[in-house]
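Report on the structure given below.
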Amino acid sequence: MSNMRSLNEECGVFGIAGAQDVAVSTYIGLFALQHRGQESCGIAVNDAGVISCRKGPGLLTDVFDEKSLQRLKGTSAIGHVRYGGDGDLNAENAQPVAISHMKGNLAIAYNGKLVNAGALREEIEMAGGVFHGTGHSEIIAYTMVRERIGSDSIEEAALKTMGRIKGAYSLLAMSPRKLIAARDPNGFRPLSIGMLDDAYVFASETCAIDAVGGVFLRDVEPGEMVVVEDGKLTSIDSGLPVNKSVCSFEYIYFARPDSIINGVGVDWSRREMGRALARENSGVSADIVVGVPDSGRSAARGYAEESGLPNTLGLVKNKYIGRTFIQPTQGRREHEVRLKLNPMSANVKGKRVILVDDSIVRGTTSARIVSALRDAGATEVHLMSSAPPFRHTCYFGTGIPGQDVLIAVNRTEEELARLVGADSLAFLSHEALSGILEEAGCPVCKACFTGDYPIELPAEPEKNIFQKPIRML
Amino acid sequence: MSNMRSLNEECGVFGIAGAQDVAVSTYIGLFALQHRGQESCGIAVNDAGVISCRKGPGLLTDVFDEKSLQRLKGTSAIGHVRYGGDGDLNAENAQPVAISHMKGNLAIAYNGKLVNAGALREEIEMAGGVFHGTGHSEIIAYTMVRERIGSDSIEEAALKTMGRIKGAYSLLAMSPRKLIAARDPNGFRPLSIGMLDDAYVFASETCAIDAVGGVFLRDVEPGEMVVVEDGKLTSIDSGLPVNKSVCSFEYIYFARPDSIINGVGVDWSRREMGRALARENSGVSADIVVGVPDSGRSAARGYAEESGLPNTLGLVKNKYIGRTFIQPTQGRREHEVRLKLNPMSANVKGKRVILVDDSIVRGTTSARIVSALRDAGATEVHLMSSAPPFRHTCYFGTGIPGQDVLIAVNRTEEELARLVGADSLAFLSHEALSGILEEAGCPVCKACFTGDYPIELPAEPEKNIFQKPIRML
Amino acid sequence: MSNMRSLNEECGVFGIAGAQDVAVSTYIGLFALQHRGQESCGIAVNDAGVISCRKGPGLLTDVFDEKSLQRLKGTSAIGHVRYGGDGDLNAENAQPVAISHMKGNLAIAYNGKLVNAGALREEIEMAGGVFHGTGHSEIIAYTMVRERIGSDSIEEAALKTMGRIKGAYSLLAMSPRKLIAARDPNGFRPLSIGMLDDAYVFASETCAIDAVGGVFLRDVEPGEMVVVEDGKLTSIDSGLPVNKSVCSFEYIYFARPDSIINGVGVDWSRREMGRALARENSGVSADIVVGVPDSGRSAARGYAEESGLPNTLGLVKNKYIGRTFIQPTQGRREHEVRLKLNPMSANVKGKRVILVDDSIVRGTTSARIVSALRDAGATEVHLMSSAPPFRHTCYFGTGIPGQDVLIAVNRTEEELARLVGADSLAFLSHEALSGILEEAGCPVCKACFTGDYPIELPAEPEKNIFQKPIRML
Amino acid sequence: MSNMRSLNEECGVFGIAGAQDVAVSTYIGLFALQHRGQESCGIAVNDAGVISCRKGPGLLTDVFDEKSLQRLKGTSAIGHVRYGGDGDLNAENAQPVAISHMKGNLAIAYNGKLVNAGALREEIEMAGGVFHGTGHSEIIAYTMVRERIGSDSIEEAALKTMGRIKGAYSLLAMSPRKLIAARDPNGFRPLSIGMLDDAYVFASETCAIDAVGGVFLRDVEPGEMVVVEDGKLTSIDSGLPVNKSVCSFEYIYFARPDSIINGVGVDWSRREMGRALARENSGVSADIVVGVPDSGRSAARGYAEESGLPNTLGLVKNKYIGRTFIQPTQGRREHEVRLKLNPMSANVKGKRVILVDDSIVRGTTSARIVSALRDAGATEVHLMSSAPPFRHTCYFGTGIPGQDVLIAVNRTEEELARLVGADSLAFLSHEALSGILEEAGCPVCKACFTGDYPIELPAEPEKNIFQKPIRML
């Protein structure tokens, strides 16, 4: 899937407790997580109980500069990068959410998606609660505040909140004296703990811990809550029944290859997926393996290693592309893929190509890449997806869209090959994918492949929030 | 008072119900109210129940352009321009506040200041309410939402809210189907009603109704609530005991001279203050009258007319000044007044000058103007303030500061003259001021002159809100 | 003429030699001259022979900030603010022009317009010269460089240049060791000399010398060149035949009222024009005098003084107007004048109004103001122009347009009154205008009134430059 | 060489003649060349003889948007992306240079560097020429204008100009009716011809022709000039003695891997360099090959193929890095490389690593990467440069700096290994490099390796231009 925008509800969080220059560290940590969200970003710092927050639309470099980081003084911080979801540019939804309540202040940043957001929101509204945005982070924050009233501490309120919110969440919360990290009992989304000198850091991916010069300690476990206060870290078991079912899409697409998630290296897992794909398609004869940059590269390497075919540079990506405004609406749709991904005629001409992509969602980009490779002289193109076919909606924050747009729904691989113009098309089997990750100690959620969801879903679709009755433009 | 920033808690509101192009009309209306607030601004529109809002720091021209106005589609709108108060640049405090709650959506914009904001906030927080900013508008909005739960309609909730909030407010509220305008029972701040074709418009000053090409109908009365629904306007008496005590500072300084507030023309009132000042100081011999631009000009004209002295252009204002970043910190403080207000040597040389300013708050700018006029050759400078001396804090939104910085506190006019370097100094008597406005049908609040507050103040200062525990940078 | 954009070829220059912080002083000086040009601006500084220059489109506050001023280090500087002329947004035409040539560097900034620009440009091009923009400043700079080759000094080259360029120019030139100021033999455009501590300053208007805290010394005389080197000022007579014929439009409209040009106070001259207008129209009966803000105010004061009628605030200007993007193209043309200039019904209702404007060029704005005053209740409106009627093109930089758009061409005052909807319309006679300025020692150019040009014009229109063969967008 | 900024005088050009929408095509073409220059960019279009130009500092997405491209109407265009050279941020040096002269207009964009720029400039200045910037493009333009006077056509003038300018240039010139492309007789810099429907396109690299959807025809030959007029292309032999000596650095570093330059595929040449490097270092035992992203990747692939070692992802690059402002001055220098290039512990731990970079210039980045790999657990690091050692200054536009900073000058490979902390260090031999390219039909310039320059250099260093007497800030 070379089109990053088709799956777009991911986010990244970073936190640090007990240090100086926390805003700069958080900026650097988020910078290493920028691939997880480019719509908006924000940092909240805690300076002896006063929480200052800056957030806005755009990349980190759009929202922050040296001056604004200097103004964000404090000894702990949390930060967030965010994808806006399908057309959701609601400015109020930028995180962290920073609020004040009866017993003090609170800032929240989270990655994931709740399945009972609508019910929670309705409950809060029925009690007179008011919402400024449409995001789930505000719902989590309000729930925590409501639980705080009858609780002795923010961690007690956070624990109760974990009992109330359902779905996927890797959450950071900052109160005047504490930094809390929590992960849902399925462990859908990653969350890691590291140390930077004497300070604890938390990050969606270990590459952010590396970026700040820290040392990775361990993951926050599914169902675990961790509290840092006065430089000491305490682990609290939420007591919620744990059913570890990690989102495989972190490995397939989202995470940076240098991150280690749940003890499994992302690059390693992708190479293994490529290897398995090669084994499953050993009958396909070809001359070269070409990976779709950037996310198909690791799997292509694995495919090449396993198959013995040369791993060839067949597509060159324009690394400035994220910034251009040239849109297909200008009647240049046919050339768009060339601006973005130029096929290397010199390397593919006269060759039978195994084209490895990380996944096939809508199939439109795949079709254009296949066509471009043929124009460049490839005699055969066999499209291989290192992800199994998506056939079911995801409710846990991957942004995998509804069944109506998923190309793999109700189609055979032969039909799909014809649709995208490939000589053949294959997906990795979900059994192979599960096998790789489970053997590595990481049981996965298979819902988007099988429709078998690891937690109970709400009976009806959650309309309320998606009405978006208020839009901040 | 030529330094506009020394009194800075004013705001302006504009609303329109039942029209097309409401965002453009609101932009134009606010543009005519820009003098009431330059820190931030915003517009919320209502499109068949969906409320869209855009707000941000800066002038209207900083926050809006043609594109953003086009995106704000709807058939009713409310807008706001805002002064940030003393250093309060909290981005979350920009108005309108747009929220969603159990029974729908709500957008609020208001001008004024509550005296029981702290108590209300505490009450809401104790019930689990959470605040994103530190402004009173959020408190009003939350109160209205809480009252909405037990009410049959938004106007019932608004009426109950009027019974709960104390202080100065001229308020616009927009629900999915209605636009509500309300004014506190003292009528501290202005609020006018006009018509633009078939639509009703509301504005802090009539000059905004003129700017959109509308026709002024009448003021919202103290203690009155007005509701527009389906193109019809209904007046509702809040039943609260009315004690009309209009803020005289609207006439002295805030309002545009072409506005008519509570039936009294602003320019007329200023000329009358100048005339009264001349009568009260008939013993002062001089050659010319010079008004401090811009706000001292009308009073200077009145003084000249009454005294028979020529009204002379003695100070020329640089009209681009609002935009410069050249600060006195660059060791050029002594020249600053010249960059801003250049004395006209040709007109003042060898002359005894009556210098008319609208008010004297801290006195520092006055001292520099007096000194500049002397440098330009004035032989005598008699400083006249068309406002009485400020000796007491204002709690109703003028931003008149604490007694510690008010130059008139515990000083005689002679002492003050010496302090600012003038040959003499006089304030208009507060009896004269009251007389002018009361005879015109507009009883005034005299609190800042006499310390006699027209409503009960809270026993203790309201600390809670001013702790600013959360800052949006 | 309330529409500032209809006459728009003016510029302002400022220079300083022999000081520290020259960029900040030049910024402040230009800030006081911002009314002379808002399209683009620039500052060039000289630091021991190295010339650094920054210029760009927009106001000073758009192009400069503290950082950019700090980078402009030097001991002398020249700066410029510029109107772009009719649609001329050619970015390359921003001044100063900074160039390097055989014998060193040179920066040029000038106010005025040459009448032999085309011939000079052609001559330079025939010798192999190349132009980057279409402005006359580049032509002057190139001419000076060409003269420099056969000259012993830059001042010799500058003198020879004065002999070659014809038309209106008030010119500042900065070489590695010298700052030169020169004024054409007619003295069309103003140029003043002041001192700021030990440094010499030059400015289009004395208000800029005031703004930096300097002391006005004298004007550069028509045909004079002044050189500052090593802190000493030398006057050099160009020897060109002097025919002092100052542009009266500086007094009528361009200059700030607090400036003193050629020994004549601008505000004084405007009041005198108003007085003369009153005398010439003593037969017109009216109740009040209303000046069109801002430039009609001084004349209105004079008219009121002479006629004995009250000078009334009848139109209130929105002081933020310069920044709005709301254009009449949005079908709101009829309300545009109200957004900009609101008639004060309270003051004009039932009154016969003398409406004093500084000039009437195209007449469209006048018509809208007259109509607005009638809507506000004025029973009669008599439009008075403190400038005589423009009937001839100006070639000397006022931007008075061609005869085809000048409303006064071939029309009687009665016809004009009907066109703009006024009860009567009168211009000041050009004899009266000349009389006022000549008695004050300032003989004027009457070309735009009489067609009698004080210097020889080129036989044919100068096409070459206006083809604009290169546009910088 | 992972630090792109250490070699930074490259540029890219793109041109199109005889089409519609030329600005959009040029934008897209330049977008594919953005890697060749990120300091400034510009596009000039020709609309029936009127040349419009827009240029400025920053990336294409900073300087252009849909609106500005729409305003650039024409039927031919040239464009440029530019590196600013060592600290040269002189705004006037942005290209294209658009000028008007006696016989019309001219726009110039070029890639390269002249060795007789100073002499030419002096000659032009002695003849009265004036310069606005310090770039060579202005010198070329002025030379062409001077030759134009005695020539019958622009192509005759361009031919004469080719006889006068010495050094490296791939040049596009646009006159009112023609588009000219010319390449120096050594062919130092690339320049290709393509077709887009009926229009001819020119580009520094073929990847730009691909990006606009065009078809590559052939290269402009060394010493060749090509003219497009009325849709027809004519080749003109300059008659200058051709000594083909192509810059090998295009293959080593500058060009995109998917470009084909002088008939040689860039990716192919890099893989061959890697293969040759492997053969030359067959004695080095290791476990894995790691390429430094992005430019060391192709050579690493070749090394792996030749050596039989696995090509492993050992360093992950943050693809947002180009935009951050976090500087090593913040005392985080040691972590900087991790923010940019994160070593993959999982892949390198316990491994002996062959680290392949494209080149080693100053050696500082290399040292940090070696150290990072050791921290990540590599037991040995053998640093291999696919370029030979730089020991001599380049005068032809690569930006290879002076001998004082070139780490390879006067040092053995052993000394260098110690300096960067590697277990061993090797450069590709320049004989191997030459062999690869010459066998492919592309004789190279070896000056930076051997000091043997293919053209005569000026006797003395060219001081004049580098004094930068004028700086545009």
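Letters A, B, C and D mark the chains in the order given here, with residues in each chain numbered from 1 onward.
Keep this in mind: contacts are C-beta pairs under 8 Å (C-beta built on N, C-alpha and C of every residue); 3 or more make two chains touch, one makes a residue touch a chain.
Note that the structure is predicted; figures quoted are calculated from it, not measured.
Undergrad: From chain B, count the fewest steps through touching chains until chain D is reached.
TA: Minimum step count, chain B to chain D: 2.
Undergrad: As a quick test, compute the distance in whole Å between the mean CA positions of chain A and chain D.
TA: Chain centroid spacing, chain A to chain D, equals 37 Å.
Undergrad: So what's the Cα centroid distance for chain A and chain C, whole Å?
TA: 60
Undergrad: Return the distance between the CA-based centres of chain C and chain D, expressed in whole Å.
TA: 48
Undergrad: Which residues belonging to chain B are in contact with no fewer than two other chains?
TA: None at all.
Undergrad: Does the chain-touch network form a line, ring, star, complete graph or other?
TA: It is a ring, because the chains touch in a row that closes back on itself.
Undergrad: Given the complex with chain C, which residues does chain B contribute to the contact?
TA: The touching residues are 24, 27-28, 31-32, 34-35, 59-61, 65-66, 207, 210-213, 256-258, 260, 265, 267-268, 294, 297-298, 301, 305, 310-311, 313, 316, 318-320, 323-326, 330, 332, 334-335, 338-339, 342-344, 346-347.
Undergrad: State the interface residues of chain D toward chain C in the complex, per the touch definition above.
TA: Listed in rising order, the residues of chain D that touch chain C are 49-54, 68, 71-72, 97-102, 104-106, 122, 125-132, 141-142, 145-146, 149, 468-473.
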